[in-house]
Amino acid sequence: MTLFWILACVTIPAALTVILHRNPVYSALALVFTLFQVAIMFVALDAHLIAFLQIIIYAGAIVVLILFAIMLLSLEPEEPGDGRSSLRAAGWGAAALLGLELVAIAAVFPDTPAAEKPLPEGYGSVAKIAERLFTTHLLPFELTSVLLLVAVVGAVVMARRRTGP
Amino acid sequence: MTEHYLVLAAILFAIGGLGVLIRRNVIVILMSVELMLNAVNVTFVALARQHGSMDGQVIVFFVLTVAAAEVAVGLAIILMNFAQRKTINADEIRLLRG
Amino acid sequence: MEVLISLAKVIFAFVIVLQLTLVLLWVERKGSALIQDRVGANRANLFGGLLPFNLGIVNTWMADPLKLFHKEDIVPADADRFLHWLAPWIAIFPLFVTFTVIPFGDVLIAGGYTINLQGADLNLGILYVLAMLSMAVYGVIVGGWASNSRYAFLGGVRGSAQMVSYEIAMGLSLVSVVLTFGTLDFQEIARAQGDLLFGVFPAWGFFYQPLALLIFFIAGMAESKRAPFDLPEAESELVAGFYTEYSGSKQSVFMMADFVEVAIVAGLVTTLFFGGWQVPWLYRDGFHFPGGFHVFVPSLLVTVLQVLSFLVKLFLFCWLQILIRWSLPRLRYDQLMDLGWKRLLPLSLANVAITAVFVLLFDGKTVW
Amino acid sequence: MLNPYVALLMSFALCALVATIMVCASWILGPKHPTKTKLEIFETGNPPLGSLRGMRFPVKFYLTAILFIVFDIEVVFMYPWAVIFRQLGWAGLAEMAVFVAVLTVGLAYVWRVGALEWE
């Protein structure tokens, strides 16, 4: 439980840095840090395999791509305060609403949290997850490859159009 | 324990949503979407543990893949748009409205 | 007590990698001098020449870091100060923690405890190593960007593209190793290599996976950004690449990161392909030579021999990498990318397919 | 036995500490005499070309990164598969073959359009 509170105290400021920092490179690095924290949460939740996938794919690949894009465009830090005002207001409004909702939930929070079932034998082990993935969820797994194929072809076509054939 | 992680996930999701709404830099908006996806992943994993079922963890595999595809295509669109209009400001990108 | 044992193991693993990098700095200087037929570093001496022989190793082991740490820390005026500081940190931190999961011995039974000689005995060791190695790319890309210099930036972008390209080949070559052994746990893989082939040869990984060894070694060398893959820091083209604008301890941290990576590649090659801490024919109760010959060795001595065996193998593969670095010319960037994507990637995919078929036909173990 | 992740956490703390000390050493121990020339970026003695901002880079680096993501995911899916491969048998081989075949079409496409050519 101590781990949870430490994680919460570190993750929320990091996530806020992602959305509030003016320099997108800082945002990206804060995102990496947040993803790392989420990976630690996964470890705490007995999802060890997922935790490492999170770091390999998200932190190690997706954010690298985002950093490449930021650097390809050599962006200037954004001037603050000139976003669309209507959306800004809506955003802060939504955030305030959610804050209220969380307070409300906390007020009616059950004193005795849901009982924790004992976890089945080998919960979260690679073999068990792989078994589910390659038997029950085989079709989504195969479709994943099609999605990735479409994505890579689409991205290459668009990115190349920039420089011409 | 599960409840705590769910609340934390909700907060992360809200932060991501806030980022989408208040920022105008498209790349930062994309990163905010990633935050929201991560919040959903935490929810999946926490609930999977609560129910002692592994399917919630398997779904995270697919969410990761979808996120990767989304970022690859999304950034390619941003790059193409930047080449034509020299902007990455979400307010100035109106491809579909002409 | 358990916490203390864990801490001691973690510190031991860390000390191995820290000392190894410092020794490698010296070995590289002396080694390159040997290869190029010159004398090499021979000035600094611990007792000022009072000894009849030169303790040249002290030069780089002690004096070099001390000197570098006392240099001025120069941050270019236009640079982003925080990121300029952060880049070397990100470059070395994930590499430092990688070594924690590599086993340096079998279990040590002492004082009623059975101690697994591995910093942290994760059962997902291989994935952990891949995850940490994939983080190292940020040091390069952020370092290049934060300096706000064109040479540094070009070096950073080149370096990160190179590192991600070879990560794929590296990952795929390890998939075939996992196929052979059916586990992601380094300690289990090392133990499985204690068997004998034909009752004679130790069943080390390279008998099963020679191609994976080759691909992994090449990709690992490319990851460590050293010649012949030193494009990101090519002195004659890019000054010093992504760390052009670094000085003092920050620069030496970047340099050290390269050596830590060399040590990690050597450690992985040792553990996955050359039996890790295994000594041929040495078991818990002593040597069992082929032909029924048996020599008793006390259990504690067995553990010591195993740790020594690991360290010797580790050092040999570090030396091999230094030898290659000083023997081969640098690749061109197009050759580098060609090698990564057009040669190693299809080759490692084919290797996975072949391994899979072999595993199904012969269970992978009885191929020979 | 102690949770191995606790040992991992200790390792993280130790390495973070040592890395921080090493990176900060010069700042603490070294002299500080900044001059204008010293703070300029170093371009082998040529007059510096100035800031990076507004500088453009070949889109090929981006294409490489996209290809990297796709194959990274493929590799990552292969690890759980490899662990239970003996249990899956020939069916497992066929499943992975289909998956890899589809992604190889992507690689072949990128190869054909010349995105892998560097000059």
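Observations
To keep things simple, chains are lettered A, B, C and D as they appear, and every chain counts its residues starting from 1.
The rule is simple: a contact is a pair of C-beta atoms (placed from the backbone, for glycine too) under 8 Å apart; a residue touches a chain by one contact, two chains touch by 3 or more.
As the structure is a computational prediction, the values presented were derived from the model and not from experiment.
Taking the mean of each chain's C-alpha atoms as its centre, the chain lying closest to the overall protein C-alpha centroid is D. Note: centroid distance chain C to chain D, computed from Cα atoms, is 16 Å. Our note on geometry: chain A versus chain B, Cα centroid distance of 6 Å, whole angstroms.
Chain geometry summary: the mean Cα position of chain B and that of chain D are 21 Å apart. Inter-chain centre distance (chain A to chain C, centres taken as mean C-alpha positions): 31 Å. Residues of chain A found to touch two or more other chains are 49, 53, 56-57, 60-62, 64-65, 68-69, 71-72, 126, 129, 133, 141, 144, 148, 151-152, 155-156, 159, 162.
Counting partner chains per residue, chain D has residues 5, 52, 55, 57, 59, 61-62, 65-70, 72-73, 76-77, 79, 83, 100 touching two or more of them. For chain B, the set of residues that touch two or more other chains comprises 61, 64-65, 68, 71-72, 75-76, 79.
Going by the touch rule set out above, the chain pairs that meet are A-B, A-C, A-D, B-D, C-D.
Partner chain A is touched in their complex by these residues of chain B: 1-5, 7-8, 10-12, 14-25, 27-28, 30-32, 34-35, 38, 41-42, 45-46, 48-52, 54-55, 57-58, 60-62, 64-73, 75-80, 82-83, 88, 91. Taken in their complex, chain C has these residues touching chain A: 80, 83, 86, 123-124, 127-128, 130-132, 134-135, 137-138, 141-142, 145, 153, 157, 160, 164, 167, 184.
By the touch criterion stated above, chain A contacts chain D in their complex at residues 43, 49, 53, 56-57, 60-62, 64-65, 68-69, 71-72, 74, 76, 126-127, 129-131, 133-134, 138, 141-142, 144-146, 148-149, 151-153, 155-156, 159-160, 162-163. Looking at the complex, you find that chain B touches chain D at residues 61, 64-65, 68, 71-72, 75-76, 79. Within the complex formed with chain C, the chain A residues making contact are 23, 25-26, 29, 32, 48-49, 52-53, 55-56, 59-61, 64, 67-68, 71, 125-126.
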